[in-house]
């Protein structure tokens, strides 16, 4: 029951936003419904920890550990984004009349994001991922400037192009499932159970198709070119959702598929995943060196972290899987914090260029402090959570014998760290531009940033028991048990 | 009697497969925007025909329903919706400057079709069903050729139709390899396709209004260069 | 044995006799579709009669090629006609004289000499048309070859009679994707080789735009008659190949009785009539392509024929 509530409250809120008399309080409705959704997701996670899974409609809507982790992330990040959006959208130059459309669309996006981990059938999961892409594209194009439209168009074409390829992949998977005698209900769990009996050729082929199809959505190189544009041109709360969770959700689907295929001994995909993941991290690290726009900088960092998660999944040991899900969690919360901070910088100074931002500490200590915190966190410095998960991934890799890969990965992480800190240093210190206009950051934005900073600070030093158990459960599912 | 009827149906299905491949080539070969749209409509018709044939052969109601949905969605609804939402002069455009000229494009499309046949041959070794042998390679070829026509085009509307043609290819393979997919999945997928068309159509309209031309390739502002 | 020789001769007489009728029906029907009255369908016979009774004027600057070519152009379609199934289902006396490749080479030989003859006169329009004809010819050659190869590969033989048996034999082969693609490629080829729209306008008088008509420009009297007749017979032969070998190999006589063979004549005329309908529909709804677009047209035909070949290779290797 709580599961259904968690998924359908955003849909309800989207519908409410369409009502004309309620249009003036769309922000309130959105925040209220999404908070309830988050609470429901927490309760569902509790249910999963107790029973192993939470079932609403057997065979159609059910979550296990990995799914409830993703659901939790979705609701948490989207709730904070909604809180942030209040101040940001009011500050923006857009007219009040279109605001209801923005909130309605955002709620639909949240609904689509929440529905994907909850669906038990892979084909319906495809539909969910496509809906995510569609609503996200509409949101990126919200501001209707030439830059936003170009970004939305590139995103639309590159990501929707993968849709039919992934669809064929899922259909071939269905065929494999049925030709080796599966029952009528094709769910992730049933696929997992049958994975050793399915023909390895069919499995490999369908995984290849799904990987190519969804890889563009995740932002894996070389299909990442839309990502920096879209994640910088969209309105900031949308960017937070895009980078924080929207690229993680297709990766969740790919990882589920990977767990099915790794259980079949003849298909060796793990090493390829490591190679492709390293390629993404490498491209992102080097592109980070010469980026000029700080929102694009954070977007490239998303590409890097998606690559790291893929590498971890490719190592295919239990510790690496734990590292992968921990990285998913930590990256989502940290990245959304980064984008809120970037949004605050934009609101305060009105420019996106790194070269034009100087002396942020002196201009606004709150914003400067937040920027320092979040860039240290995303680059992987201790005592922040990403350091912990990256470290566990590296050590898991060494323990499973992938020494070369670990060496390359460590080097690239260091390169990215240096790149990010160099840019941020330039932004924080020095003399501020005398003629820069300074605006105050609205209260809702500050609240959102503070709320988002809490898990980032806490999880770096202390992982609460239930969180650790949930991560363990998710890692087990990733390993195919 | 049933044997020869099955043979006839399989033969007609293979015929529609060949014609779908032809329409895929046609989409690459034509210059006019409206030509691409017409080839897409014809391709959807052949897809529906194949769905009807396979459904009739196996006595499967939902393949017949899927054929009807395809006709309703892709032959009637999507062209109509696009004609309503997009500005009229979009349809009179022709691609004068091509990235790759038409004979070379056709050659590349042919190579993609051959590649599709090679890619699926290990899969086809697992089954002897002639319907799968006809549909799966041509479905994958339709996806690849649709994807190529998407990349090679500069106008926005042919790019959208390229996406829909790729969906046609995926469906065409799907009706052969997964004929008993629950109907709800197919319904939702069909709705999804219509949604895709609507969204990209809306984007195209906005782009045409803001930028003044529907040549998507002319948008190239966002790059890693310092602003002056 | 003698019967097959006799039937072969009947076949040749059929091609000689009905070539002009085919051209007449085609042009009359085209005019009718365009809401005009059109000439009588027997007009080409009257034209040939008139031309045979006129004097010939031959330029003194020409060589033996100019005088030799009309006879060659007239006789070669007859050679090809004796190789292909026109009236009968089974191979006749001269059927094993050559196979489809030989037929293709014969037709190319005729075209080659016609082009040479056009250059021979020194008239500026002749070489212009000849070079265009050769361009269309060399672009069409690969399509011819690939179509022949594919058909031979599937039928395991290069003799047209045996190929035709294979297509008739099984509906699976008839409906296969390779077959339909081959049909379309060969149809585009007929349009190109026969000088029909969209490649060339057969009823145009404008010498600067002529492609196929230019080979007969300089001839008069008997030479002109032979060139015209030869062109009409060539088109009839190509149509017969298309209909009897590839598309609709039904209605042919399958035993040695003379009654059946003579019955096959009206049947094949009906098939040709239906084909004419399709041809006229295409001719009146398309416009002539610009010269540089012809390469795209024939390029598309080539791609389609290669796709047919690939489809047939994969389907036979799978089965």
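Should a chain be cited, it is by its letter among A, B and C, assigned in written order, with residues numbered from 1 in that chain.
Criterion: contacts are C-beta pairs under 8 Å (C-beta built on N, C-alpha and C of every residue); 3 or more make two chains touch, one makes a residue touch a chain.
Everything quoted here is computed from the prediction, not taken from an experiment.
Participant: Give the label of the chain whose average Cα location is farthest from that of chain C.
Facilitator: Most remote chain from chain C, centroid-wise, comes out as A.
Participant: Which chain is most central here if centres come from C-alpha coordinates alone?
Facilitator: Given all protein C-alpha atoms shown, the central chain works out to be B.
Participant: Write down the chain pair with more C-beta contact pairs when A-B is set against B-C.
Facilitator: Between A-B and B-C, the larger count of C-beta pairs in contact belongs to A-B.
Participant: Which integer distance in Å separates the CA centroid of chain A from that of chain C?
Facilitator: Whole-Å distance between the two chain centres: 65.
Participant: How many angstrom lie between the CA centroids of chain A and chain B, rounded to a whole number?
Facilitator: 30
Participant: Can you give the whole-Å distance between the Cα centres of chain B and chain C?
Facilitator: Here the centre of chain C sits 36 Å away from the centre of chain B.
Participant: Quick one: in the complex, what on chain B touches chain A?
Facilitator: 119-120, 122-123, 125-127, 139-140, 143, 146-147, 150, 156, 159, 163, 166-167, 169-170, 173-174, 177-178, 180-181, 185, 188-189, 192, 195-196, 199-200, 202-203, 206-207, 210-211, 216, 219-222, 224-227
Participant: Touching chain C in the complex: which residues of chain B?
Facilitator: The contact residues of chain B facing chain C are 7-8, 10-12, 14-15, 17-19, 21-22, 25, 29, 102-103, 106-107, 109-110, 113-114, 117, 121, 124, 133-134, 137-138.
Participant: Going by the contact rule set out above, which residues of chain C touch chain B in the complex?
Facilitator: The contact residues of chain C facing chain B are 171-172, 174-181, 184, 295-296, 299-300, 303-304, 306-307, 310-311, 314-315, 318.
Participant: Along chain A, where are the residues that touch chain B in the complex?
Facilitator: Touch residues, chain A against chain B: 121, 123-124, 126-127, 130-131, 134, 137-138, 141, 144-147, 149-154, 156-157, 160-161, 163-165, 167-168, 171-172, 174-175, 178-179, 199, 201-202, 205, 228-229, 232-233, 287, 290-292, 296, 353, 355.
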